[in-house]
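Going by the order they are written in, the chains are A, B, C and D; count residues from 1 in each one.
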Amino acid sequence: MSSTWKNNISFTVFGESHGPAIGVCMDNVPPGESIDVDKIYKFMARRAPKKDGTTTMRNEKDIPQIISGFHNGKTTGTPLVAMIANSDQHSQDYNNLSRLARPGHADYTGALRYRGFNDIRGGGHFSGRLTAPLCFAGAVAQQILEKRGIYIGAHISEIHGITDKAFDPINTSRQDIIDLKEKDFPVIIDVQGNEMKKEILNARENQDSVGGIIECIAINVPAGIGSPIFDGLENSIAQLIFGIPAIKGLEFGAGFDVAKMTGSENNDEFYVNERGIVVTKTNNHGGILGGISSGMPITLKVAVKPTPSISQPQETIDYSAMKNETLVVKGRHDPCIVARAVPCVEAAVSLAVLSHMLEYPNF
Amino acid sequence: MSSTWKNNISFTVFGESHGPAIGVCMDNVPPGESIDVDKIYKFMARRAPKKDGTTTMRNEKDIPQIISGFHNGKTTGTPLVAMIANSDQHSQDYNNLSRLARPGHADYTGALRYRGFNDIRGGGHFSGRLTAPLCFAGAVAQQILEKRGIYIGAHISEIHGITDKAFDPINTSRQDIIDLKEKDFPVIIDVQGNEMKKEILNARENQDSVGGIIECIAINVPAGIGSPIFDGLENSIAQLIFGIPAIKGLEFGAGFDVAKMTGSENNDEFYVNERGIVVTKTNNHGGILGGISSGMPITLKVAVKPTPSISQPQETIDYSAMKNETLVVKGRHDPCIVARAVPCVEAAVSLAVLSHMLEYPNF
Amino acid sequence: MSSTWKNNISFTVFGESHGPAIGVCMDNVPPGESIDVDKIYKFMARRAPKKDGTTTMRNEKDIPQIISGFHNGKTTGTPLVAMIANSDQHSQDYNNLSRLARPGHADYTGALRYRGFNDIRGGGHFSGRLTAPLCFAGAVAQQILEKRGIYIGAHISEIHGITDKAFDPINTSRQDIIDLKEKDFPVIIDVQGNEMKKEILNARENQDSVGGIIECIAINVPAGIGSPIFDGLENSIAQLIFGIPAIKGLEFGAGFDVAKMTGSENNDEFYVNERGIVVTKTNNHGGILGGISSGMPITLKVAVKPTPSISQPQETIDYSAMKNETLVVKGRHDPCIVARAVPCVEAAVSLAVLSHMLEYPNF
Amino acid sequence: MSSTWKNNISFTVFGESHGPAIGVCMDNVPPGESIDVDKIYKFMARRAPKKDGTTTMRNEKDIPQIISGFHNGKTTGTPLVAMIANSDQHSQDYNNLSRLARPGHADYTGALRYRGFNDIRGGGHFSGRLTAPLCFAGAVAQQILEKRGIYIGAHISEIHGITDKAFDPINTSRQDIIDLKEKDFPVIIDVQGNEMKKEILNARENQDSVGGIIECIAINVPAGIGSPIFDGLENSIAQLIFGIPAIKGLEFGAGFDVAKMTGSENNDEFYVNERGIVVTKTNNHGGILGGISSGMPITLKVAVKPTPSISQPQETIDYSAMKNETLVVKGRHDPCIVARAVPCVEAAVSLAVLSHMLEYPNF
């Protein structure tokens, strides 16, 4: 298992869904950074279940307790560790999962990898709940970056075919990003958000779930960070993004659309603007060239699969008895996790950017 | 710079396009693996320029010389190092690049990152030429995997809107993969390949270039490898894939299509087949669940942008004088690098899979 | 800061002496290993202060709570995390340390490294207290190793010139090691231990402290583990050993005595013994050749400096005001930490050996 | 195998004694550093065999060729790779080694670790010859450090009981270090060097060898570098030092002598000197406190065992047939490698210090 991401900043996400606690242990966070703990709670609340039927009803009180590396309101430079106690566990709801592999889940593959010893209650270490400590770490990273003027935001780009407007890849502002973070349902065009919610509630009624796409932007990242060939910004962001459960795709800038473009259409011409700064006229490169930031906004999209936990009967196996069975997953499920994944994507991108910012001479 | 990928197997890609040599240094390759050097040459030849006008005419004789870690036809377990001498360099063709940033290239971002000291001749360390040592490493990995029955192949899925048939995500055979490797232009449906070639030659005539999509499959990867959360198969493949120049997107299994699917459509139901093996009825998960192989074929797609080097005049900057200029790139360019990127994608996936296979008890 | 050790097994030691808690986060511990928690407590108790005047009187109740990676009495393969709450803190005793650098301590160097933001109460992250989580991790490693027949023990070899008998480098038995762990004052010859205690009490009376040497042995480590050149057994053990505060020297086998020996004296001749096993007649190599275990007992010695915290007045600096001052350290100090360092040395060696055992095919 | 050292600067030492070439691949060397290649040759010549009978007569022309990461006399920031072709190989001299384990060598342990597939000709990857690329890397590091005023030197402290004067741990000057590097036989007191040489020639006459101790010093290392707990200066230096063959011990500052000292004797009192700089009155801490540099000279000693290759008959095993045999090693051997190990120790310390200097804000 490597629940550890190793870079200029390293961190380990730990814990199981129904164990005593989950948390994160970060190494090499720079000393002397002021951290506003209330702002962390606020960030993490964006990942918490909503009461409007669009998410699970699991009542999580995810109050992280910082137990190392934080003193007098500032980071100390020693490992920064936060713990979130588990309380509302409902183990009984999951009892029949113990030998039946939920389709789309890591029950079967996890049992193989950990030779049957992993804690499977509530998904164990594979639970989406483990994104809570990731969000803690991302919230810390985001605060450190915002002090340098770097803002990272994300919105729901699509849910079950309903799309939101895209970020302006050239002119998205700090305020645009701040406004999104205040929203209960993070879309740019609220009426589109309402359509999405209808799809979600519809899926819920059908004991089903829906997937979607999240778009993320990072503005004011200075040009010149990233360590190619294998530790460029795209490599690092990718390695973290695929650590979020349910993510099945990632594209930067024009992404998969490049397959229909010519070089003359796709190339972003450079110019020195009126303030003497190098910029590009278009931003198909998504702010990254050769793994290194260009100074333009970093833009990326991720694909989030529909929540695999659905209440419809599904055919599957009992991986202990190795025979075919029918599964009906009980309990309360998220009909859509895209909204809850938005801060997770922000967290992953923030951690990658902060880690590479440590390479920056003027950090 | 981290031109080093650090995993169970680590490797560093080194060299500059117009320096004395390029190469790769691999650490922790298992001892006692027979390597057929001719088969490596054959693999690398798939990456070399073609003479049919669809690629650059640069005449590279990429004969790797193994200088460490190989004895009596077998790996020794000590670092495996191969070097490819540079010969056909044409530095004069690139002279006017020295201060003009080619749009879509890493000229400007590289100059910032390496404070102006990187060797920019021919793209230096950012040159596509550096994929030759990656292919060496991948060819070694592929041979080691094939001895365990694991086959990894790729084809061009799309070029400038023209599509090839997709791999069968359930039943692609060893022979299907072997056949593809024999083809000059790696597509499943040759008539579609001919249409693609027309698009390429057309782009070339217009002093332009085209992009595309590559699909890759890995069959017979045993269930149970990968080290989530941050070193799962998807994380590792992603970190390597984005080390190939021009890649802007990556998706596993159903990928971005999940945004239009419901959970009941996307979930792949498990069953024990007649041979007593656990399989899934569909393969939207692309052979990976929770970062761990399920035993089903691993499938993924990558987006390749159009070659940024085009002969049309482009507006750009002189990043030394910080003023606006017009650039006309001279020399011979690839109107399309998608075909040449096919073995690079295979190499990246092979290296990630081999590295995780070292975790496998029965390797 | 890298409070993280990165190897086949990785772990981070976290916390500050007077923060909410200290602990350790281990990654890649194999799944399915039974761990006896009471045995961990017993191991850790060997590091705790004694009531006989030979150590500090700080009343630490170091009860580790496992919060991740442990289920039904077995490791799960996911991160294994233990936390030890801080209770008896006496911050007031240390108040005058805040700007005066204690000679021999990391007060001044730590303030520079962490730009003045590290938590200095009680030594903060530099406190000897941080060896408690190291001992937790080492106790876990030791249990996993003992199930494979590998036993690791240590004793006080010397304190202030008084020496104990050395381990038999060929024939030390499992029982010899078990017996040592039961002793309050870990020496082989108890009368020598009594002489050492007199030196300690004498130092204490003089408001001074004494240093010493610890010898450690690991038996039944199979031949063939270790990953030279830079991750051999000696490299890994050394990197961990120097993570224990106050260690200033390390030698393997004959160690510094080799400077007075000839090759014919120092070389350990091999032979196949009556049981068909390869052994050496002598063990000057300390069980490691070329960074790889030979199958002979691994033997090493470490030098432990006298506790720098002494009550005698010392000249030093106020590193905030940058002026010379006289310091009188108040509070209760260890006149000798050698005995308490014994399990720490065992822990470091156990963790290094376990990490390399994961390379062993038959693990 | 991990012939890779992973730190802020990473490097892999590759090659076998009788393979095509040996070399080193360094990652993350800062760009723009001027490197004087002749000065590298001069550094490496200090490691080469001498013609005065004190070393092997193997005629190595170790001319490293830089093949990556170096342009216009400066580092580029991309991987810095140097290769040294093997020429004078004398494989025939070693023929009877193929199944007989040389006592004190890694023949037997290496065969186990690499399952019999490692190249054993001339010691293969375990050959002392592999210290040539280490010296290349160290020579590069040393030049980069010297531009910042940091000088690192070493001398023979003892050979077979004959001792040299120690470095002044407070006042050793840049010139003292430069002078040592000019000497054929690096001792401070030349008459003592002559006595040592007599011991060496005497050993040679007896078909034997002798061991010794090397002392190393690093001056002007700024206070505040090193990343405790497990990546402090002592940890990093130790990990590299034990990568030099034949090293069996390492101590910093007062080292093992601390076992006979009291705290009041060992503690180094701080004061602000007349230039306003914090220094210590004594330097028992060897310039490192808590793993972090104090600004005082860094001092350390390493124990070098007698060359195991001696011409006297030795009892050993045929590890292929698993039976007892008598071995007479033919060929030309070093009766003492201590002098040749001096630049290797400097190289290891220089690489560790440079790597940690990258953490220094003003580097």
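To be clear about the criterion, a residue touches a chain if its C-beta (ideal position, glycine included) is under 8 Å from a C-beta of that chain, and two chains touch if they have at least 3 such contacts.
This structure is a prediction, so every number in the text was calculated from the model and none was measured.
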Checklist entry - Where the centre means the average of the CA atoms, what chain is farthest from chain D? => result A
Next on the checklist: Counting only Cα atoms for the centres, state how far chain B is from chain C in Å.
Outcome noted: 46
Checklist entry - Per the centroid of Cα atoms for each chain, what is the distance between chain B and chain D, given in Å? => result 39
Checklist outcome for this item: In whole angstrom, the CA-centroid distance of chain C from chain D equals 26
Checklist entry - If you look at chain B, which of its residues touch at least two other chains? => result 1-4, 6, 13, 28, 113, 125, 227
Next on the checklist: With touch defined as at the top, which chains are paired up in contact here?
Outcome noted: A-B, A-C, B-D, C-D
Checklist entry - Which positions of chain B touch chain D when the two form their complex? => result 1-4, 6, 10, 12-16, 19-23, 25, 27-28, 31-32, 65-71, 74-79, 81, 83, 113-119, 124-125
Item to check | Complex interface listing, chain C residues touching chain D | outcome: 1-6, 13, 101, 103-106, 108-110, 112-113, 125-126, 130, 158-161, 203, 206, 208-213, 223-232, 234-236, 238-243, 245, 247-272, 276, 278, 280-281, 284-286, 288-294, 301, 303-310, 312, 314-317, 319, 322-324
